[in-house]
Every structure is written in structure tokens, then in C-alpha cells.
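Across the two complexes that follow, chain A remains constant while its partner is chain B and subsequently chain C.
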Partner chain A sequence: MSNDMNGLVKALADLDEGGVETLVRESLSQGMAPEAIITELSAGMAEVGERFRQEEYFLTELIYSGDIFKNAMTVLKPLCKTAADAKTRGVVVMGTVQGDIHDLGKNIVVTLLECAGFTVVDIGVDAPAQRFVEAVAQSQAVLVGMSMLLTTAFDAARETIAAFTQANLRDKVKIMIGGSVTTDAVCQDMGADFWGRDATAAVDIAREVCQ
Partner chain B sequence: MPIMTCPASALTGIGIIDMVTNGQAQFACIEAFAKRYSSLAVHTGMDLSVEAEAFGCGVKFSAHEVPTVNQRVMAGAEDIDSLTVPAVGSGRTAEYLRAGRLVRQAISDRPVLGGCIGPFSLAGRLMDTNALMLALIKHVPAVHALLEKCTTFLIDYAKSFKADGLDGIIVAEPMAGLLAPERCEIFSSRYVARLVDAVQDQGFSVILHNCGRTTRLVGSMAGTGARGLHFGNAVNMCDIAPQIPADRLFLGNIDPVGILRQASPEDVARSVTQLLEDMQAYPNFVLSTGCDIPPGTPLENIDAFFQALNRFNGIP
Partner chain C sequence: MNARERLAAVVALQKPDRVLVAPLLDHYAATYSGYTNAEIMFDGRKRIAAVIKTATELGPWDMTFLADTANATLLQMGVPIPIKLPGRDLPANATHQFHETEFLTPDDYALLQRKGMIRFMMDVMARLKPEWKGLRGFVPLTKTMLEYRCHAKMVKSRGMEVAVGFVHPGVLYEWFSLGRGMTAMSTDTFKRRDAILAAGKVWAKGMADLAILASRFVGVPRVFIGQSRASPEFISRRNFETLVLPDLEYTVNRLVAAGITPIIHSDTNWTKFFEVFLRFPARKCILELDGRSDIFKAKEILGDHMCIMGDVPATLLATGTRDEVLAYCRRLIETVGKGGGFILSSGCSLPNNAKGENVRALYEAVEKWGWYS
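Right, the complex of A and B next:
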């Protein structure tokens, strides 16, 4: 049985879509708990992230792995005995800040966070500060991700952080920023807590915040 | 040769929206920069929404940023067959061609370059990017059909710049920088090579720009035959330079945001001098920025860029 599960980790890490489908089906028919299968799939996604960091995989492979994972989850999630929310590692609000409509980076982070077991509230692009604040207040998220690809979005990001302070939520939520124009210096300058260099770094930050 | 158009607002008082929708206004900005700076060449604006708009995409305009595609014409691979290739001159391409013509007429002391997006990057604007990335694995023939349409249009567009007497074109293919080397070759470089074959000759050069993680893509980029290869600040030029064939120019890669937009003139000078020192052994290197300089960049920093270059070259 454990060999099969190791095979599942490898199948996902190797982007073997057919192999993942087969192994998930076989594991279920052999009586494996869906939660245990999801754990193995998550380990496969972690390996994909590592290969991305090593530049063995690129964006195409990252997105494809998320697609394979999500397809497997459509089979597994309804079979979980516990409610999906009970299994979440934490809630993260993700959005592209006001004035910026780029969604590629944000969407990749959303996919990887979901694959890593987080519940993500995706508030979309061109999101005003108040939408971030309301999403956190409603979801009890402990982490906010603000994506931006434009330097002119920096002011909107600062306003969003200020809005959390005004809503008395700043000490209840950590804020990470990411996007090609961001740097650690920008992060510090605008008063965010974390800078995610890429999508896999964003997942690492979420794990750190939600551990 | 920094890539810059938008910061000319500070010189001309022309707003970004005018600059990207009116060829006359764009010309005025390019001319203002040409008068102020002794760049190796001048170029029309780098605006990666123009061609997608010609195909029917929606575009968001802003007084503070270059336009961005906000509405795709295709949701997925199933829509590719029905996509129609527009005529050159559709949308704002007519204005960009007009800008090129006006610059050509006014500036004769240095090369004038047009600009267009690369085939794969255009595909990534016509179709949802996530869907395109998945299609590279799941719907390969459909992606090639899409790239055929993109390349057909871009060749015609580049030929129009050439017919107007320009000296070359900068082909911006940043999305190819997201791909593994073998996919970059299959889905980008082979199509760029066709564009190069169609227009490049002794009087017209193609410069291929890719501001992604290109360290492992240099061979594929060079294989397109483009006479110039332009790199972004995601790479270390010391890793790039040894891979460049001696008969090509290569350009790059001062950080347009972290250095030119946000740092001090002293930081700009330091970065420029360091890069020039690093590239001293390569006579085919041309100092440039890693991508287009964003709106709002202080002119003092652009001044510092050229002053550091002149100082390095012993020009008073």
C-alpha cells in the first residue's frame, strides 16, 4: 500500500496525469482514506515546487501540476468524512491591488495555495482596499496576499495596508506582497510583513504564518 | 539604448493615454528624448496591448501606466479556429506605424526601430494565460494554429514598419521567458525565426527582447537569427554574455523599476558602471535597460544613466 502511495507522490511530481488518475482510483478501491491520498498528493505538489525552485520545472509545469491536483480533488473531496473547512491549513485572502488588472501571478499563487491545503478567498483584480478588509473580516483569514505588476500600484497597496490598520485588523493579519515589480525593500517600505519572490515562496510564507 | 517612451511626459507634457493612442503625440515624445539623449537608436513605444487589441481584445487605459489587456478574445483552445487575423492598421497599430513614419522623417542621425510583441506573448494575451499554459501540454496542435495566426499578423506588421523606412524592429517576447527551454524553442523561437526570415536583411534588423529567466534560453533566442538579443534584469549578464555568438549584438539590462524608477541617480550610475565593467570584454554588448522604463521615472535618473555611460567611455 505504501508503495502505491509513494507512487502517487512520484506520479504527480513527474506530471503523469494518467498515472495520478489510476493511482487515486486504485487507492480508493483498496480502502485508503481520501484524506491520506490528499496528503500524498500534497507531497507530490511540494516536490513540484522544489523542482520549480531548481529550474527543472517552469511555469507550464507548475500550472499543469495544479490542474492534475485539482482534478484529483474533484474525486476525493466529496469522499472526505470531515468537512473540507476542518481540513484547511488556514485561510488566505488573495487579490491584485486596485489599479492593476494582472492576474497571472495571483492565479498561480491561488492554485498552489489551494493545492497545499489552504482555503483561498480570491477577490480578483483591481481590488480596492475595502474589498481586502471585508474579505479578511468575513473569512477570518490570517494572511493576505497582494499581487502587483505595476509600480503605480504601490500607493494602492500602501492604502490597503493602512485600511487594515484603520479597521483594527492589522495585528490580526499578516500581509505578503508579490509580483515582478516588488522587492524586499518595497515590502519593508510599504509596511508589509513578507515579500514572496515567486509563487512557491508565497506557499512557504503561508505555511510559516499558519503553522 | 534604454527602452523608454513614457517618461517623456516630463519633457513634453503629453499624457500616457495620448502617447499610446496618437502617433503624432508618441512621435513628439520620441523626438524629445532623441534631442536630450544620444541613444544608439530610437524606437516606437513598447506597448504589448496594441496587437492584441487589433485582434479584438479589450484594453484598459490609464493616465499613469501603459495599457493592459483586460478582456481576452478566447477563453480556451476551442476558440482558436474562429479567431480572425486582423489587417495591419486595425486598432492602434495604425498610430504606432504613424509614429514610426514621423520619427523616420524627423530623425536621420541614428537608427529608428519599430516595436511589436512576439508570437507567443501575443497568444498569451489573446487567450487566458493559464489556459494557454495548459494547452501547451494538452492541446498542442491548437496552440500551433494560434501561433500561426499570431505570426501571420506580426510578419505583416513588421513588414509595414520596414516599408516605411525604419531600420529594424524590437520584438518583445517576455512570456517565452516563462517556458522551459524546449518549449521556448517549439512555441516561441521557431515562430520568431519565421518573422526574422521574413523581414531581416542588411537594412533591417530584428532585436529579440525577452525579460524573463533566459539564462538557459540564450541558444534558442540566438537560433532565431535575430541580429540583436535583448535581456531583462531577471538574469545576470555575466551568465548571458559567454553564450552570445560574436556576430550578434546583445543588450541589457539595468533594472528599470528597482534602479531607474526607484533608486537615486548615484545608484543608477553605480549600476551602469558596474555592468559596463562586467561587459568590458564583449565589444558586441550594448548598454540598455532590462525592459521599458516605467512612467514616472525621474529624468535625473535617466540623465545619470547616460552620464555614467559617457564617463565610462571617456566622453565629456
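Right, the complex of A and C next:
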């Protein structure tokens, strides 16, 4: 992509915040449809993701690019004729399980998912099982992400999975877990479907589930 | 050899009589001793009783931490964001948790430069805890230092070494990453580089002065240096070398010059930056890993340069079997411990819900496989 990137795609991929602001403004004034501008910004985010995969970029670059993207979206979204959600790749419910208030890992995943085109219902930290279940029931999400940084949160994660079964939603939703204390063995033991080793793995899982 | 001689040998990369065992103890001391987390966080006598009971009965360990991160006063003085504490904001047996918000502002870089490190820290403490405003902040600080020195003596009188005499919260990039929040800090990384660099120098000097003074007062010539968000999981090599390494190198060199051994506590995955640690003085530092870095790679790259400490993962200690823990410890001892320069420890803190038999297995592994012929 690098050789034929247009200005806006390149500005975002190069983390040129001022350049993105200017180009969004100019594009709008030249009559470009907001949806088309969003498409270019999404291409810029895809290039950021590619540079992350190539280890040219790291989490700070990802987070900063997400910030630039969101700032541009605050200008563009109100101008869209169609609801942005109509173009969503899928809905994901994200939360940190009950008893754990760490939000850094969850927030990174939320940012990456949004930048990858998913609609995220962020239910916050210390989220009881019922809040996860209600969020899925209301949003029709097909994927749930449970974040945890404490081994003592494993029981709450198990209870959350059990709550989906009790609500007859378990076969309608896939569940992924993530956080520094989680492993594939923990994932299997608690009956989750996926283990996200890191934030980019979580996005790959979302793509797989929502394709 | 006694614990002190053993420790001196591994830091100097000489072969001791056996591998040292020194898990990172904080909240687990409450679990094992039958106290609540709230009790040990707010009551120094219960905390030290729990530390000594745990380190003695599940070992005896060669070295123990004084449950520094289960000390409510220390935490509230050193962490620049609101903390939820057991017994106050959380159930009595919960682990404390940081409530990560954008607490520090962009203006705080300039404020730190203007006020200097100590007065800036006092200012931040007062924002978090108004009853510590001004000189009143020195009351808990003085009490804590006196208590810490007393607790260190109690541990040493039982033949164990105290891990650290001071907990250095890391270079400015680390501390501000917590206080600003990772999103704001990521933005600062690109938009406020000069502020980070300028404030970082003030922070590094002030914190090194304080660390040297405090560890001498406590009588423990080792200082914990915390780091996690400056790791290659978060920032690029270029940003690390520009925004972090100069301050880290300054801190390590200052401590070493003062006869203090830095314990560079490195959470998250630092494997890609291991070569950088070759710049630190040889045979003077301990690199502590939490289970996410490749400790076996650390041995390959740094084994002739610095002592390595770690890294039985928290999840294994909480959910694994005793045999699995023993097997992992044996692998560590026989590879990372080969030829010396290794301290067997937990990967970061022992988790609250670790199984007693799993924690005990660290000492058992050392007794069984850790003796050098």
C-alpha cells in the first residue's frame, strides 16, 4: 500500500495529526462525502495495523493513531447520511470481569476493534455477569471479550460464562478472554471459545467470528 | 553460605552453594497467614508478622520483600492515581487496584520542573489525599520509613535478607504513564517529547537522591526499580532509547556508584530490549522478570552480565499443580541457574489465590535441584 497511498491515508499512517485534520477539512470543503473520507481513514488505520504487525509500530503508535482517528470521526460522524453502525463489521461486547477494575488492556482492545471497523459495546470494569448478558441481549453481539489482570478474577469469568448458558445465549455468542494472567489452558478450563494473547489477536478473533 | 553471602555471590555472577529462593511477597502473606488483605495493608504489625510467617514456613526463603505493595501508606504516597483499597473501597480480602484515570495533566511536566521532585510529589499526594497537604505529608512518610527500618531488622534477625530498602517507581515515563493514563501518555510520546525529556531529568535526579538516602536509612543496599510501560510491548526501540533509557541509565549508575544493587523489576515482555541492559554496569544489577519475558533468552544474552531473578508465572501458582510448579522450577534452576547468577522467584507478585503447596514448591525445588556441586 505504501507506494500508492493517497494523502489522507498516508497522513494517518504516518501519525501526522495536523495533516489529518487539515485534509479532512479540505476534503469536506471540496464536497467529498463523509463516508468516503471515513473509508480513507479506515485504510490509514489498516496501514497502521500492518506496521504494527511488521513491528515498525508499537502500542503507543496504535493508541495515538486511534486517538487521531476518533478525533476525525467526531467531525465526520454527525455529517454521515447513513448511521455509521450500518457499516459495522460486527458488534463486540467488551468488559473487565467483576472484581477487577483494570481497564488498560480492555481499552486497548476496544480502540483496536473500533479502528478495525467493529462496533464495541464497552461495559466498563468490575462488570457483573448479568451486565455482560444484558449487553449481548440488547446489542445482538456475536462476540464477548472478557478482560482480567488478576488470577482471582477467574471465578467471575467462569460465572459470566455460566450466566450466558442460563440465559440461553451461550450458543449465540462466542466468548474470548484476555489479560496478562490468561493462557490457552485457562481459556479451555473455564469454557471460553478463544484466548486473545494480545490486542491484535483479539482483533483477528473478531474478524474470524464476524466474517 | 548464609543468605547474605549467597546473594552477594549471585549478584557478582559467582557460583554460590545453591540457588537462592526469594518470591515476591505482598498480598499472599495475608492469604497464608489468615489475615485479611485490609489488615496487612493498614496494620504494620500484622503485615510484618504475616511476612515472617510466610517466608519462614514456606521456606525458609533466602530473601523476602516486606510486602511493600501491600502497604497502604507506601502505595498512596507513591502512585499518582486513585487506588481502591481493601477494607475501604473493596471487600477486605480483595487485592488493591489502581483506578486508572488521566489524573496528572500536561501541565504537570512543567510543574515538576518548577518545583523539583520532592515538592512535586507532595503536591500530587495532596491532590489525592488532601489530609497529607504540605508538611503534614511528612508525618506518614517518616512513620513509614521508621517502620520499614524496624521491619527490615526483624527479618534480618531471622537470617533472611530483605529484598529492597526502597521502591523506586521507575523513570518519569513509567510514572507518568500511570498518572496520565496510557492513552494520554501515548499522545504525549509524540506531542510532548521535550517536556518528557526535561521533566525526566529532574525526576531522575530527585528520585535517585531519595532512593539512596532511604535505602541507607533502612539499611538495605538494594533498590527496586519498577518498569512495565516502557517495554517493547508498549513503545518502540527509538522511543525507549530517547525517552526512557537515558533516565534509566542515570538511575542505575547513580545507585551502583552509591554501593546499591538495583533490582530492575520488569513487568510485561522485555525480551526485545534485553541487549540494552548490557549497557548497565556488569555484575552489579539484578533483572527481575514476571513470566512474560523469555527468561531463557535473558540467560543467553545477559547471563554473563547480570543476575536474573524470576519467574514462576502467577497463573501456574494459582491454577497449576505442585508437580507442574516443581517441573518449571527445575527447568529454571538447570538452565537459567546454570553456573550461578540466578534467584528463583515468582513472576511478579505471588497471586492472592496461589496454592500453599505450589508456593512451597519453590523452596522444595531449590533444595532438590538447586545445590551446586
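The rule is short, and it goes like this: the second predicted complex is superposed on the first by the 206 of 211 C-alpha atoms of A that agree within 3 Å, B and C clash if a C-alpha of one lies under 4 Å from a C-alpha of the other, contacts with A are read in each partner's own complex, and residues count from 1 in each chain.
Just so we're on the same page, a contact is a pair of C-beta atoms (placed from the backbone, for glycine too) under 8 Å apart; a residue touches a chain by one contact, two chains touch by 3 or more.
Remember, it's a predicted structure, so these values are computed and weren't measured experimentally.
A.B. asks: Given the superposition on chain A, are chain B and chain C in a clash or a fit?
C.D. replies: clash
A.B. asks: So, does A:Val181 touch the first partner chain B, the second partner chain C, both, or neither?
C.D. replies: both
A.B. asks: Taking the superposition as given, does A:Asn107 touch the first partner, chain B, the second, chain C, both, or neither?
C.D. replies: both
A.B. asks: Counting residues of chain A touched by each partner, does chain B or chain C come out ahead?
C.D. replies: Looking at chain B versus chain C, the one contacting more residues of chain A is C.
A.B. asks: Could you look at A:Thr60 and tell me whether it touches chain B, chain C, both or neither (first, second, both, neither)?
C.D. replies: both
A.B. asks: Of the partners chain B and chain C, which touch A:Gly99 in the superposed model: first, second, both, neither?
C.D. replies: both
A.B. asks: Check whether A:Thr151 is in contact with chain B, with chain C, with both or with neither, and answer first, second, both or neither.
C.D. replies: both
A.B. asks: Residues of chain A that sit at the chain B interface in one complex and at the chain C interface in the other, please.
C.D. replies: In the superposed arrangement, which is not itself an observed complex, chain A uses residues 57-61, 63-64, 67, 99, 101-104, 107-108, 150-152, 181, 183, 185-186 for both chain B and chain C.
A.B. asks: Mind pulling up the chain C residues that touch chain A in the complex?
C.D. replies: Touch list, chain C to chain A: 84, 94-95, 97-100, 182-183, 185-187, 189-191, 232-236, 239, 268, 292, 314-315, 317-319, 351-354.
A.B. asks: What part of chain A is in contact with chain B in the complex they form?
C.D. replies: Interface residues on the chain A side: 55, 57-61, 63-64, 67, 99, 101-104, 107-108, 150-152, 181, 183, 185-186.
A.B. asks: Which stretch or stretches of chain A touch chain C in the complex?
C.D. replies: So the residues of chain A touching chain C come out as 15, 17, 57-64, 67, 99-104, 107-108, 111, 150-152, 154, 180-183, 185-186, 189, 198.
A.B. asks: What does chain B use to touch chain A in their complex?
C.D. replies: 60, 62, 64-65, 68, 70, 129-130, 133-134, 136-137, 178-180, 183, 213, 216, 257-258, 261-262, 294-296
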